[in-house]
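Both of the next two complexes hold chain A, though its partner changes from chain B to chain C.
Right, the complex of A and B next:
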């Protein structure tokens, strides 16, 4: 208590605001150090425990900052660091919560999933370095830091996808992910250079200032913005850079799929939100350059394509991969429903809240796949037949995730989708909400197939499930309880999200 | 806090039963489900609401606080009871326990999951009847579907998967239509409402605050929303021609699920029609009186004729539910004390009687493993107690005086005859009354062929009297049917109090 008082009376130095990123990075280094003591042994509980503890510690610090108002208007506004290259504000802290809690769930689940693998220390270290990159992505305030942190998040991800070295699918997925990733990085970097050519700066506020003064190179600017947008489309698995996602999510170890489809996607949105809102404010765009329109097209195409592709899958993991593309489309509403004088903070906040809820339900769903893979059950819907009778608790949790992803009450996904569509209507984009609602109704079809297989179809295999792995169960049940509790506790989430989003405009 | 306690107890009971071993799950669930009964009966004894909860009446056991704030439209956790919902809460708690006990014999696999789902459904049903905020209500309304889907899909008959998915798809699409209709109304009300609380919306709608929305003017919007909501709720009731999911779901569902489906889930539809369409938009309802009354009469007659044509005992009872729900619609559209009050009373009465009938058919099926009328005769010889209660219940269905069915139907007919909403109401009523004749026809026919005459049974099962715990719920239900028939005022007084405000402000009736 006295320590806390001391902290409050003497404010922390500014650099302490990046503490969540520092904690993640240091935990990653610590893991490497521990692993180097005895590289041949794989003491998974210790490694997973440290990784989980580090993530949770970063989560707690970010949560504490958010409650204390660090970087928000009440305590003097955003904290700029390193010559404005990084900025800590409410939004970056909110997204940090998503990355760290997903990293924690993935770490604890990996303890069982990787129990027979080598190089476990490296695995957890890579997860934490990727998470560090994501936190920095949400804090970046310059196109240069955005690019560097995006690479910091991406490079470990490539290695993680290919972690199962003797599994063909894993390697293929990693290669595909890496090639498309490299391509989109190049496009992104080229876009940055074009924007620099048009505005003469990389810092978001300076770019915005240059735009307000007018630019003679509208075409170059527009081209640059479109290319930057392509870079984000890759990171968030949105059309047209979504091709890697089904393969990568299907081939990767399931906990890594969970990590990529929840945290990495959210990171893409975090940096996209900041770049487009801070650097290219709607009110200061030159005529003919309209990124809102681009995002509207992307949102509609992404959610529709993701949903229809998901409906045709026979493989559960692949279905979830496409559903994750569909959800990227919903989250894009956060940028697509912005307008010059609209309730922009509400729209953006709703999208952020949806990403948080999605972090729980989608991570949980992929971790259930990890559990099923751990047992050696197959990957198609039919292989899931009758699992409900064999593993009721995990199956209940999976049903919760499926219903919540479909947006059915009484789960968190219901509120987050509702608020998202509601805010789109409020902003005057009722057609966007209508497309979202129709897609959401369609999605019930393929989500309910999983539930039907788990509980209703008769068990045809004689497979005996092995032991009940503690780590995977803990993570899955934690995610399920989180998904459930986010319904009654949605008020603080949405209020925080909309408050911190308001600071951007 | 009583209502929250009631719902929470049911949720916790569901969780406890879900993780309990299969051998004890049934007994444990029955014991735990007594707690909500005690709670609801206590609330009934302490009930002090007057008037209609939506129209400014005082609300019993009210809780109201802001759950989340959404750009000008707050979502409240707002629950409470009035004279319309109180009887339905009591019905839900009692019927759940009896249905659980009736499941002891037929359910022999994955018991803990079965009973867990039953209690989970009870918790959500209690939420549906107590919620007074649209959002809270909608959450519970949708959540009721999930356990029902599993109950039919896992423990049902041979075509259970088809029946379960048909039920789920029908009711979900219906919910979507209703949701869109209602939300359009809320948007049309604009700034005149600041929350999703039903009383606030009802008052604003009746106060003429509705503006246009999405290119429709106020009148067209109201009509469109009324129709969308009527269709949405009509699927649940069900009204002809939206009833086709019901026979499939009933026939495939295990007996206890059928009891809940007919006894309580169908009442969600009529309850919602009364709360939303008929309370909030009486002017539209009265403008549409001819089509609605026509739908009611068609449901009554067509349902009864279909029942007449069935060979499966369960199908007979299922179609007769369609017929009985037609009476409820007729009572609602009459807009008289006895009409609307009788319709509400009939919801409870029909819940008890149809529960009794489904259970009786289930008990016979447990022994004979067939429900086909032609496969057996003279069952009364071997199962005298069950058959006796079956006969008594059937007479209740036909509307024998001093039984609850008589009181409900009598009120409805009295109210509908006296109604002045349309000159042709007496004609519609007379046509609907003809349904009673058909009901008597098919029930007597079915009983004569299965229960009476010389004993004949082609199956290889021994036909003997059912166990005590199978017959006891039947006896309790029969007792309740008679009690409510002798003393309808147990509920009818509070119902009347809650119903009258609807009529007073509903166009001078």
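Right, the complex of A and C next:
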């Protein structure tokens, strides 16, 4: 406490506000340096430990900044850096918490998952570089930094998906992820160039100012916004650029699937929130250009498609991939339920809080898949039969994740979904909430199939599970405790989220 | 001075050629080249409108785009190389071990 007071009395310089991103990047470089000393070693506990410690340190710094009010109204508002290209405010710090905690869980779980693989130093370094890109995405205040940081998050992700070089599924997943990613980033760049053509600036506040003055090229601007939206649809695995998600999540190493489906998705939302609210404010849009309508269509289509496709899957990992598309649809409500005079901060904050809870429960679910793959159990629902008796602790955790993802009461996912749908109704978009609730009810069907396989179905295989890997168990139990604790602790989370969201409008 | 609409037409044409290549070509390397075309279409706009608006923001961002395109190709070629090793081909339609 005295240390905190001492730091308060001598305020840190402004650039220190990007400390979480710096810590992640430096930890990544440190890992490469350590790896280059002895490149052939597969000393995973040391590398995984450094990676986890770096992520947790960044998490702690971001949490400290958030509590101290760095970049928020109480301490003088957002901190702009590098000619306004980056901005640190409550929202970027809130999202940084999601990225760093997911990176920490993924790092510690990878220790066992990768135990016999080569190039482990590179693996952890890539995870941290991708996390750096995500933090910068949430801080970017210019279309240029948004594009560069989106690529900084994407390029390591392509390599991570294809990390198992001798595994055909991993390579196929990397190829499809890369092809769709390259296409959508080209579309994104073209969209940026069109917005620049119409407004003459890339900084969000300047774009908004140019819009309020009226632009002679409404059509060009509309096309540009639509294409920028496409770039975010890729990053968040929403329709129409969702095709990569089932393939990439199924083929990728399971910890990487966890990382992409939780952190990378949240990063896409972070930058989408800021771009559409700061650069294209609803009240200043020229007539005929209405991105809220586009998000409403996308939200409904994405959640319906994701949930229906998930219900037809036989492969658990693929089911989770489609369920993650469905959850992108729920989070899109944050942008779809905005209106000129509505309770916008509540809606957006609810979406952010849902992404935080989702970061715990979805990462945990994918890490359970990693554990099962580590044991060599198959991938379909039938292969999971009777796992509850063999590995009770992990199976309880998996049941928690499944029920929480479905939105059942005693878990964190219940409140986050409830508040999200409630705020949509409050904003006057009852039909969005209705579609969401119907989809949620449907999702209970396929989530409970996993639980049924784990606990009720009889075990038909004679497979003996190997040892209990410490890293994977730690990460899964941590995620399960997080999912449970977010129920009683949801009030401060949602209050923080809605406060920091209010600063955007 | 050439009116700015012409640049928009040119860049849209280049963008569509790239998109057409992506949709019709099956070779992964040609796919990469098509993506490059699309990114360069963005560069045409950025440089042209940098001149129209009288600031260098667009030109600077054009340089960024080029550097990122190069990085993207580096990662992409790496993936295509392992693809060739594992599948013996760079045809993107033949890579289907997973159900679509």
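The rule is short, and it goes like this: the second predicted complex is superposed on the first by the 502 of 505 C-alpha atoms of A that agree within 3 Å, B and C clash if a C-alpha of one lies under 4 Å from a C-alpha of the other, contacts with A are read in each partner's own complex, and residues count from 1 in each chain.
What we mean here is this: a residue touches a chain if its C-beta (ideal position, glycine included) is under 8 Å from a C-beta of that chain, and two chains touch if they have at least 3 such contacts.
Quick caveat: nothing in here was measured; it's all calculated off a predicted structure.
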Touching A:441, do we find chain B (first), chain C (second), both, or neither?
first
Once the structures are superposed on A, label A:430 by its partner contacts, choosing first (chain B), second (chain C), both or neither.
first
Go through the superposed model and pick first if A:491 touches only chain B, second if only chain C, both, or neither.
first
In the overlaid three-chain picture, which partner chain does A:46 touch, first (chain B) or second (chain C), both, or neither?
neither
Looking at chain A, does chain C or chain B touch more of its residues?
C
Footprint of chain B on chain A - complex, ascending:
343, 346, 388-389, 392-393, 396, 403, 408-410, 414-415, 419, 422-423, 425-426, 430, 441, 444, 448, 452, 455-457, 487-488, 490-491, 494-495
Interface residues, chain A side, partner chain C - complex:
143-144, 147-148, 151, 155, 158-159, 162, 165-166, 168-169, 171-176, 178-179, 182-183, 185-187, 189-190, 192-194, 196-197, 200-202, 220, 246-247, 250-251
Given the complex with chain A, which residues does chain C contribute to the contact?
4, 8, 11, 15, 18, 22, 28, 31-32, 35, 38-39, 41-46, 48-49, 52-53, 55, 57-58, 60-61, 64-65, 68, 71-72, 75-76, 78-80, 82-83, 85-87, 92, 95-98, 100
Per the contact definition, I'd like the list of chain B residues that touch chain A in the complex.
18-19, 66-71, 73, 110, 113, 138-140, 142-143, 146, 150, 153-154, 160-161, 164-165, 168, 172, 176, 187, 214
